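Look for chain A in each of the two complexes below; its partner is chain B in the first and chain C in the second.
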Partner chain A sequence: MMKPIFNIIPLFVAIPLAGAFLISLFGRRIKKLPDALGVLIALGLCGLSIWSVRLSNAYTTINYSVGSWIPPIGIGMVLDGLSTFMLVVVNLVAFCITIYSVNYMEKFTAKWKFYTLFFLMLAGMNGVIVTGDMFNLFVFLEIGAVASYALVAFGTERHELEAAFKYAIMGTVGSLFVLLGIALLYGYTSTLNMADMAAVLIEKGTGNIILMVSILFLMGFGLKAALVPFHAWLPDAHPSAPAPISAMLSGVLIKSLGVYALCRIFYNVIGLSPAISSILLVLGTISMVVGGLLALGQWDLKRLLAYSSISQIGYIVLGLGLATPLGILGGLFHLFNHSIFKSLLFLNSGAVEYATGTRDLQKMGGLMQKMPLTGATALSGSMAIAGIPPFSGFWSKLIIIIAAVEAQRYGYAFWAVLISILTLAMYMKVMKYAFFGNLKETLIGIKEVPRFMKLSMAVLAVICIVGGILFISAINEVFLQKASNVLLGGVR
Partner chain B sequence: MSREHEKGMSLIVKTITRLTVGLIFLYGVYIVLHGHVSPGGGFAGGVIIALSFIHLMLAYGKEAAFKKLSKAKASFFESAGAILFLTIAILGFRAGYFFLNFLSKGEPFRLFSAGTIPCGNVAISLKVGAGLFAIFTALVLLKINSEKK
Partner chain C sequence: MKVYMLCLALFSLGLYCILRKRNIIKIIVGVIIAEYAVNLFFILTAYRMQGRSPIFSEDAEILNMVDPLPHALVLTAIVIGLATTALLIAIAMRIYEKYGTFDITKIRELRG
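And now, the complex of A and B:
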């Protein structure tokens, strides 16, 4: 049944695309337009995504056929619990980051170029989330990824170009694995529609070709998600980008292009076999441990945060890989929380760089006195990521650990607890060297950042503190539970 | 001889280019407009249109090409093409669906048929043609800048 209201689904792609090209068309001449239009579009998308929670609850799964072509032939778009959940995460974070960029991007010359690329990336991410078609997924994946390569190089300094080049090469290799996987899957099932493909796979059974495809997807999407053997690009690319983009990349890009796409395909198309589940568990744990250990030794603030992203992605994949109801719930909950606090922390690092001009922790100190709001929000972000009780991160990590114990995976639970302590240690280091202690003489003249940057950090910090309310049963049932039910349906 | 004649390639190449470049451009337009009835379409036609300008740049040097299509114009056409394509898609909402082919389909294999598809082809050719020309320009300018240093 098609209702006119379902027409909001393609809007998640159409609005950011229209925004991107309108800004590139008029933004150069009209100075205020990029900021105004950018914030307006991001606000609209954020509102639309929150409103779509109601829609997906009323109709469970909505299939939208683009151009009214019948599903297996035309391109389908799907709005279910999981896509709504991801849309809310992506667009909420994107909105906060757009507000932040209004002030932060002043120091770069071509703001309109930034917004154009930013909204192209957002269109790619939203597209990956709403699409129900395999090849369409690849197209949107590339739109998001190519825009992000350009954004990493936005500063055009030597190290930024180097990082962007490395990211572009590795990202392209990852995309090619995905494309090859899709091609083989298309050859085997003769369809590109995900739901149709899943039905054909059940009917035909899974042979060696599916094993091959699974490995290709693991490598391709694993590279996008920066799981450990494929993580080498992330610690260069994420710190080199301007702070709002680092926040966007670490906060949502690796999750929507990597973790979401991985889960969507493994749970809802191929079906999660015990073998894939154990691979996810192992990869998740290795990412968690290696990322955590490497982060501890960093002195560059943004690099530390980037390694910490790898570690936290490990938690998410560990939770999802457990394939128990509680594990998936915990993984998704941690995905939400991590997008909020990691974007907050990257915005904090941007604020520190904006004010002091350095990212080296050893050159900072006592910033709390001069930048109280940045310090306070960084503290709440750090507490949340380290898993201190009332903050959001505590709940999601707790659920993941309980789920691991429940599934009798004691080894994984042990590592999760241990890395949680390590995370606390690394963020104590950040707080101690950057914000507490004595103010360095070189830093006496610094000022707190402008108001839009403060506003956006404050909003994210509040979500960090109250993030636990997602677990209140009324919200949980319409939001988080619906998303995990979608994934749970695919566990074999 | 004016300075313009010293730039670019030899007289033979310039003469051949002068004779063919318009035909190449026209052929690109032909491919675009017949995209829905014969092989080709917006992308292929757009590439050929871009090639006619690139051809001009190779034979006569970059100033001659920029006189026909400046960087600002290329950038404008690129964005305008994308906006046009998106507008066609969004107009489909009027009849109920995103990307719905809401115009009359006409008789098959006629030039004026297939509803919104030729319009989409024109939009894509603008985007691809201007985009490819801009990419080529960027590479050329980058080379000149690095030679200066």
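And now, the complex of A and C:
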């Protein structure tokens, strides 16, 4: 029974695709169109995703069959608690970043190309989130990934090209592992629909082939999520992209293409066995520690942020890998918070680069006097990521640590606490060298950034400060709890 | 079984190329080889011993048909592979313009 209202699901893919098409068609001739249309589309998607929270609460799970084929045969799109949660995260961040790009991308010549690629990437991410079909997941994964390779190379300077090539090769190999995994799964279950596949797997049982498939997916999606043995591309690719894209990549791309897809398959299709759970725990902890230690030694602001992303992804995977109700809740909550404050911090780094022309922390100093809003928002982002009490990051880290203690994984809890202190240290370094202290002679003439950039940073900073309200029971029940219940259903 | 092993060998060859070669173009060729190995494997899962083509007609009995779905999927995968390869080659051309070499050991300015 398909209600007309269910037709909104394909819109999450169709709107950004249509936007990309229109901007590439008319954007070159009409100068103002890319900005106006871009902001409008992003606002529409953001509103639609927030509205879909209400929808998924009213109906629990909504299915849409593309081309009206009956579910196991055609491509299905599914909107449940987890996908609405991810849609809100992705589209909210994308909206703030589009506003920011209006001013920031002025210094690049081809703005319409930027928006075209941006919306292709967004279509890929939204597609990965709403799809209920295994091969369709691969297709959307590749749309998002190919657009992101091109966006990393957007500046077409030496470093951008080098980083983009490295990222593209590693990303393609990751995708090949995913495709091989899907081929093996299809051969074993003879179906591509995720729900159907899960049912078949329960009936047929899991053997060696599922072990092989799990390892392939772990490598493929682990590469997309930049978990530590597969992280080498991230610290090159994320700093090389233009700031809005760095924010998009670190904020949501590694989460929707990596962590979300990994969780969806391991929890809801294959079913989370204790072995996979402990692999996730170990990978999460290693990412947390290695990313944190490497970040501490960086002097390039964006590179430091990129390494810190690896470390925070470790927290998320650690929380999800605990496979207890509290752990999954904490992991998802941290995913939401991290996408907000990491995109904020990358936008701040973009603003600093826009005003001063450098990313080297040693060449900055005293920027707070000249750029008060950038400084203040960077401070709130840093406090949130370091886990200072009233800010959002504190609550999510606290929940993960409590969950680890409750599950009697004391070692993991210890590392989580230790890296939290390390995170504080590295953001103290950023604030001290960049924003506090004496103003450098060379930086006397700098000005605060234009108004759209300010607006977008301010919005994200406010979400950082009040992020803790997600945990108020009324909001928690309709938003976070629903998402974690979906994952919890798959724990064996 | 032999064909699956050959597929695996082709895939390993592609991975070897990606990991060991220094020339950017050879790395791209490695990616293409690995991609084709995966596509080949996917097609092979569709094969049935002495199967016939999956065309449905009035009098035909539905027995021992080759699975048509992987063919459609692999077609999509090939198109995606084309897009990736085109992008990789475009980036490689730009790299040659900037660095004047295809040797990856000389293109290493990002580290740390």
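Quick notes
Rule of thumb we're sticking to: the second predicted complex is superposed on the first by the 492 of 492 C-alpha atoms of A that agree within 3 Å, B and C clash if a C-alpha of one lies under 4 Å from a C-alpha of the other, contacts with A are read in each partner's own complex, and residues count from 1 in each chain.
By our rule, contacts are C-beta pairs under 8 Å (C-beta built on N, C-alpha and C of every residue); 3 or more make two chains touch, one makes a residue touch a chain.
What you see is a predicted model, and the numbers here were worked out from it, not measured in a lab.
Shared-chain residue A:Gly67: touches chain B; no touch with chain C. Considering which of chain B and chain C touches more of chain A, the answer is C.
In the superposition on chain A, A:Leu22 makes contact with chain B only, while chain C stays out of contact range.
In the superposed model, A:Leu424 makes contact with neither chain B nor chain C. In the superposition on chain A, A:Leu439 makes contact with neither chain B nor chain C. Once the two complexes are overlaid on the shared chain, A:Ile402 sits clear of chain B and of chain C alike. By the touch criterion defined above, A:Pro10 reaches chain B but does not reach chain C. In the complex of the two chains, the chain C residues touching chain A come out as 11, 15, 18, 24, 27, 31, 34-35, 38, 41-42, 45, 67, 69-70, 73, 76-77, 80, 83-84, 87-88, 91-92, 94-95, 98-99, 107-110, 112. Every residue of chain A that touches chain C in the complex is listed here, in rising order: 135, 138-139, 142, 146, 149-150, 153, 156-159, 161-166, 168-169, 172-173, 175-176, 179-180, 183, 186-187, 190, 192, 236, 240, 297-298, 300, 303. Against chain A, in their complex, chain B makes its touches with residues 75-76, 78-80, 82-83, 86, 89-90, 92-93, 96-101.
Across the interface of their complex, chain B is touched by residues 2, 4, 7, 9-10, 14, 17-18, 21-22, 24-25, 64-68 of chain A.
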